[in-house]
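Shown below is the structure under consideration.
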Amino acid sequence: MEMKSKILNDPVYGFINVPYGLLFDLTEHPYFQRLRRIKQVSLTHYVYPGALHTRFHHALGALHLMQQAVEVLRGKGAPITDEEAEAVCAAILLHDIGHGPFSHTLEHTLINVSHEVLSELFMEKLDEEFNGRLGLARAIFRDEYHKKFLHQLVSGQLDMDRMDYLNRDSYFTGVHEGVIGYDRIIKMLAVYDDELVVEEKGIYSVEKFLIARRLMYWQVYLHKTVLSAEQMLVKAMQRAKVLAHAGRHLDAPRPLAFFLHNDISAGQFLTDRDALLANFALLDDYDITSGLKAWAFADDPVLAFLSDCILNRRLFKLELSNEPFEESYTAGIRHHVERWNPFGPEALEYLLFQGSETNSAYDVSKEEIKILHKNGKVLPMSLTADYGIQSRLVTKYYLCYPKQAVRV
Amino acid sequence: MEMKSKILNDPVYGFINVPYGLLFDLTEHPYFQRLRRIKQVSLTHYVYPGALHTRFHHALGALHLMQQAVEVLRGKGAPITDEEAEAVCAAILLHDIGHGPFSHTLEHTLINVSHEVLSELFMEKLDEEFNGRLGLARAIFRDEYHKKFLHQLVSGQLDMDRMDYLNRDSYFTGVHEGVIGYDRIIKMLAVYDDELVVEEKGIYSVEKFLIARRLMYWQVYLHKTVLSAEQMLVKAMQRAKVLAHAGRHLDAPRPLAFFLHNDISAGQFLTDRDALLANFALLDDYDITSGLKAWAFADDPVLAFLSDCILNRRLFKLELSNEPFEESYTAGIRHHVERWNPFGPEALEYLLFQGSETNSAYDVSKEEIKILHKNGKVLPMSLTADYGIQSRLVTKYYLCYPKQAVRV
Amino acid sequence: MEMKSKILNDPVYGFINVPYGLLFDLTEHPYFQRLRRIKQVSLTHYVYPGALHTRFHHALGALHLMQQAVEVLRGKGAPITDEEAEAVCAAILLHDIGHGPFSHTLEHTLINVSHEVLSELFMEKLDEEFNGRLGLARAIFRDEYHKKFLHQLVSGQLDMDRMDYLNRDSYFTGVHEGVIGYDRIIKMLAVYDDELVVEEKGIYSVEKFLIARRLMYWQVYLHKTVLSAEQMLVKAMQRAKVLAHAGRHLDAPRPLAFFLHNDISAGQFLTDRDALLANFALLDDYDITSGLKAWAFADDPVLAFLSDCILNRRLFKLELSNEPFEESYTAGIRHHVERWNPFGPEALEYLLFQGSETNSAYDVSKEEIKILHKNGKVLPMSLTADYGIQSRLVTKYYLCYPKQAVRV
Amino acid sequence: MEMKSKILNDPVYGFINVPYGLLFDLTEHPYFQRLRRIKQVSLTHYVYPGALHTRFHHALGALHLMQQAVEVLRGKGAPITDEEAEAVCAAILLHDIGHGPFSHTLEHTLINVSHEVLSELFMEKLDEEFNGRLGLARAIFRDEYHKKFLHQLVSGQLDMDRMDYLNRDSYFTGVHEGVIGYDRIIKMLAVYDDELVVEEKGIYSVEKFLIARRLMYWQVYLHKTVLSAEQMLVKAMQRAKVLAHAGRHLDAPRPLAFFLHNDISAGQFLTDRDALLANFALLDDYDITSGLKAWAFADDPVLAFLSDCILNRRLFKLELSNEPFEESYTAGIRHHVERWNPFGPEALEYLLFQGSETNSAYDVSKEEIKILHKNGKVLPMSLTADYGIQSRLVTKYYLCYPKQAVRV
């Protein structure tokens, strides 16, 4: 893969090389440039103010790691042709191209289509624009290519996506708990029977990686204040949709207005792909925030209240618990909120809500990480580690409502 | 200043303590929260994709350094009362409160009032809201307090503002050239005759600081691609104002629309302070970007062209030179641009423009950095350094136009 | 503790302040300066070439963290007098003062007295020299002071010793697996019923700390190449003692010669404290390495062989296993070594040896880490974590012999 | 250069790859392993306690940068054969192989032969041992190869030696002033007319590099306390040689004793190369420190005093001045020292001494750094920079004597 390339500055890795040709051209495409306007971790910056980095930056970082992985695997004799190398790089570059504004937060609120489906549609469209040069990348992305390890580098328990986002989110939040030895893990990768494996001496780094990921979930991504802000945003968007569907006027940038007024299904995206993608490709974080800024002055007091609270970071209280909340406890809170609620009974569902979040450090029910032992045997991680790998699913329950409602 | 405080995560310094009371309350105010939506370095992220940090983060970082400086100075016997400590902290926290969207880039384009004037107006308004508790902070900010070193910590050749932005911009761009030994410089600060001085053994760190600042100017803030993007933004905004004044309809968020249609002078801000500040306080980066996104589809082809180019990072070529451009050279380029120009002669000024930028490592004509020598004497930096400090003003000239116009 | 202090540079924390007075004077004492000549992690630099940092540096780093911990606890209302603050700082500064050359590696080989006993003796001696000013520090060190949390800061599951060595060993080895959020953990410390507790929201950082410590054990401290080098050093020293006791001449620096020829017990240290401490205080890494350099030319071929191998890093093969080695396997290796052994049967025990190392991430049988929950309850860590804390003792077995013996 | 390689951990660069074959074998040689026992920056750790890194680590770091430089230059079309790549790597690996104990400090004190001459002799010897495989490396090292840029990578104004030591010394001292953008500089290297040049856009990084180097000289390498310690070491060694030549018995490790009793010239090294190199190859920092430890108890009170002071860091006062000291001032100090001197008049020269140190940021009289401009022209750095590059030679004068002599 020695070729002329564009050099980009990255505080996480120093420099990122984007080879001229297909890969560089992809990064210049408006679809990809759009990712500059989508923050990687939604409203996490309300707790970690540095966390303003974007899907654009993440995709380039993942590309950088992919280039390293390809080099390491080739150095160990894994047969990767130049075409495959370019394709797996294109696949990782585009793996998040279908993310909408505020990434996961609004994923099924604004449009009920997953970002993976949208990523595939974007790739299909780009493949047409690039005259079929993305065929192999798409096959790898969909796990339909016989060299399975290529797909695993894009999407698996140790893929370049996770490797980059842990690094990057740690860097921009400043949370050391997510720091991983990504360079060591990548050096320890190998291919065995067309599958990705890790050499035995990398096992501690892998274990560290699994734990780092778990800690980042609870300490950053699902931090209670972040969760509160993001759930409030979901509520504001749901309210806006209800108003829009009821025919109420709402100031909103055009791309947002379109999706507020139209409920688009995955099926519609398939049948009317070009027009819908064109609309979706105009939508980003800026539309949502501009919407909130307008809605803080909306006629509807519930939407105005939620929007103003989000913008000025007057966040609801969020209680987090390892057990589901007792019905009696929830009823007590509801009583308080009802008494305080100045907006009428219809508003209640936007002022008091609950839910749960789950995370597992390592899911043995999925494809396991495989360890290549010095004796040449390959064993799943769960049979190799000194300690049992923690694979239990942890669920946390939350209950969320305005602070002022319960200030007795 | 030992008191209960809110702890904030900061990847640059680890943790930032915001003491509860006046300082914490200021950070909670919508005026201050607005700074979350104003990027510190405008469109620098088009070259350094990590540079998305905000004035909000910078203000908190400068507060952190101020707390350290106060502790160091007190440790050396400088008399700083608790009131003064709080006031100088409030002053640094609010020093950029008057910045508008895209900070310096649009400073005199959208509204012809400097951010310093607006900062003072915001402080005056906040002082009223906080019942006069900002009086001392405002006096320090305006350099009207007898302990001159307090003002110098807020605004001077070695102030906490510069110290933080060099650190922070280095961290988020990843440009090592700006890394400074801020902790060492702060440890070396002292007070002499009510003025801020640096102990002799800190001289190399100060020299490094001056050089780091100069290098950051040319390598980051005035990088030719950044300059191109920012000047294009200025041109787009000028075009939008012309259209607005001509009564043409322009989609724009309300706060932006107000300032597009009304030319507000500093005088008007003084006479109609509350109403105008209220409008200005609603304006941030999101309005500008949303404007551009709408204008990419505007009827006016010049505005549409500029907006689309900025959004999708199709930037004009910018030539940078240490000498003014020869008239004949400029004429040649103009000829090319005219021939290419598909928008009519009126568009030319938006497609070809020139200007200059200047920077000086250290301006001896301003108040000099003072060095406290071991023998007790205080000398200006320019008489102390091993080498002559480089104080020459460097000017660079630029010429900017669409790449496609000159592709012969 | 605001007082004039000596500022030391530390790449790990930036600056370390050593307050003038007792603490500074202790650092100037030859006993403490001796720690400059004792590497923190013995022969770890044979695998991680940067790991040359010393007990001197570690002791100062632990002092730095202790100062932070005291400040945090006082900020939360824990009653710590200035005398107690100084005493707990003195205790951490001196906690390793009794370490001999190559720290743990030779701890019971050269002199059969633990470093803790020797640390206490040094403190006792220093207490006399400093006119009884170390009385409180010694009481804290021996856990005889009623404010138990002070002892826990010096020696416990979350003490400043561990906190510093994980940071420092990570920095100098470059192994990210040991990076911990020490600043966050310290911010979360509190005192409850005179015991050290951690606030609930610090729980992920504590978990990370426990894991980092475990990973550092296997990846660094007990790395198989490190283990091989260190066990070879033990063997060389044992051989030298045998020769010395047999009256054979051995070139050796005087302090080393003394301990080679005399087997000193803990009892003798107590009865003849001053003379023996004086001798011990002259002994450091330099004596051992100089000994090896001389012994590489010794008449005794076994000692010469071992010394030369260590110096030139021609290390024995070390096999590491989670199970004890089968007798038949060991016999096979022994057969090979015997056939190769050019030094006679007496040499065999220096050429083939086995042993085991154990480590536990978190030992619930010891005093547990206590978590202070938001509801005010204090629970042991093992009942608080999302996952069961891994407290199983892991044992690894090793078998070590010259590579060339088994090169079939 | 894609080949199997040994991976080494390095906190500065992450990992260093040493390709198996010639380069790996060189690192395994006792001559190279000896560098593990020679600190890179002598007694600098008396001020910066982390600065214990070795010539061994530095040589490997420089190798790492050389590999990057070769890759960058090849990527830009510079013709570098595999043989040349290996040779230039071998040359940088061995460039410091001739350094003796305490590197520059004792360079002409113990043995009056420069380390460059000794490096060449070691390479010659190794070339014989490796059957002539170092011929090209030696030619490059001596600048006798027609592709001059290869020599410039090893030894020039921007060589990999300087690049690594600035990085490494900054890392281990923690002095930010030395941090350089080495990765950016290397990316900007190119070859023009067989000479090394830097692309224009790397000019700020080069300027930063020159300044960083200058600041490191005064802040670290020539720090007054470091200078004091190192000059005291020189004095101790001179005293030991005088005593040795006078036939006095001195405890000293054998390799040191040899060079104390024999004054070996460069000529003798040439005529009796093998025997003298063998002796020299046994000599390292450990011998010197062990010598000092023994001499602290020597009969000669001057040597005992100096040795004890160095070991326990009771350093002489060192006055540093930009002007030569006035004769009258020096006479006054001499008077004090004479009155205090308890060792007799013969001791005076070891108790009071002066000298000077010089440094230039950038020496235009030497081969200049060449800048490749976008127009294809190559200009020397001094004609390219915005500011005049500071090339003045700065000289500082020192005067050194025991503190206690002048405590009036």
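By letter and in written order, the chains are A, B, C and D; residue numbering begins at 1 in each of them.
Assume a residue touches a chain if its C-beta (ideal position, glycine included) is under 8 Å from a C-beta of that chain, and two chains touch if they have at least 3 such contacts.
Note that the structure is predicted; figures quoted are calculated from it, not measured.
A.B. asks: Chains in contact with subunit A and with subunit D: which ones?
C.D. replies: Shared contacts of subunit A and subunit D: B, C.
A.B. asks: Looking at chain pairs A-C and B-C, which one is connected by more C-beta pairs in contact?
C.D. replies: Counting C-beta pairs in contact, A-C comes out ahead.
A.B. asks: Quick check for the class: compute each chain's Cα centroid; which one is farthest from the centroid of subunit B?
C.D. replies: It is C.
A.B. asks: Centroid from C-alpha atoms only, then distance subunit A to subunit B, rounded to Å. What do you get?
C.D. replies: Centre-to-centre distance between subunit A and subunit B: 32 Å.
A.B. asks: Could you tell me the distance, in whole angstrom, between the mean C-alpha positions of subunit A and subunit C?
C.D. replies: Result: the chain centres lie 43 Å from each other.
A.B. asks: Would you kindly tell me how far, in whole Å, the mean C-alpha position of subunit C lies from that of subunit B?
C.D. replies: Result: the chain centres lie 50 Å from each other.
A.B. asks: Residue numbers in subunit A touching 2 or more other chains?
C.D. replies: In subunit A, 14, 175, 184 touch at least two other chains.
A.B. asks: Write out the stretch or stretches of subunit D touching subunit B in their complex.
C.D. replies: That would be residues 175-177, 179-181, 184, 204-205, 207-208, 211, 215, 218-219, 322, 361, 386-387, 390, 392, 394 of subunit D.
A.B. asks: Can you check the complex and tell me which residues of subunit D touch subunit A?
C.D. replies: Residue list for subunit D touching subunit A: 2, 4, 7, 14-15, 74-75, 183-184, 187.
A.B. asks: Can you list the subunit A residues touching subunit B in their complex?
C.D. replies: The contact residues of subunit A facing subunit B are 8-12, 14, 28, 30, 33, 36-37, 45, 47-50, 52-54, 56-57, 60, 171-175, 251, 253-255, 282, 286-287, 289-290, 293-294, 311-313.
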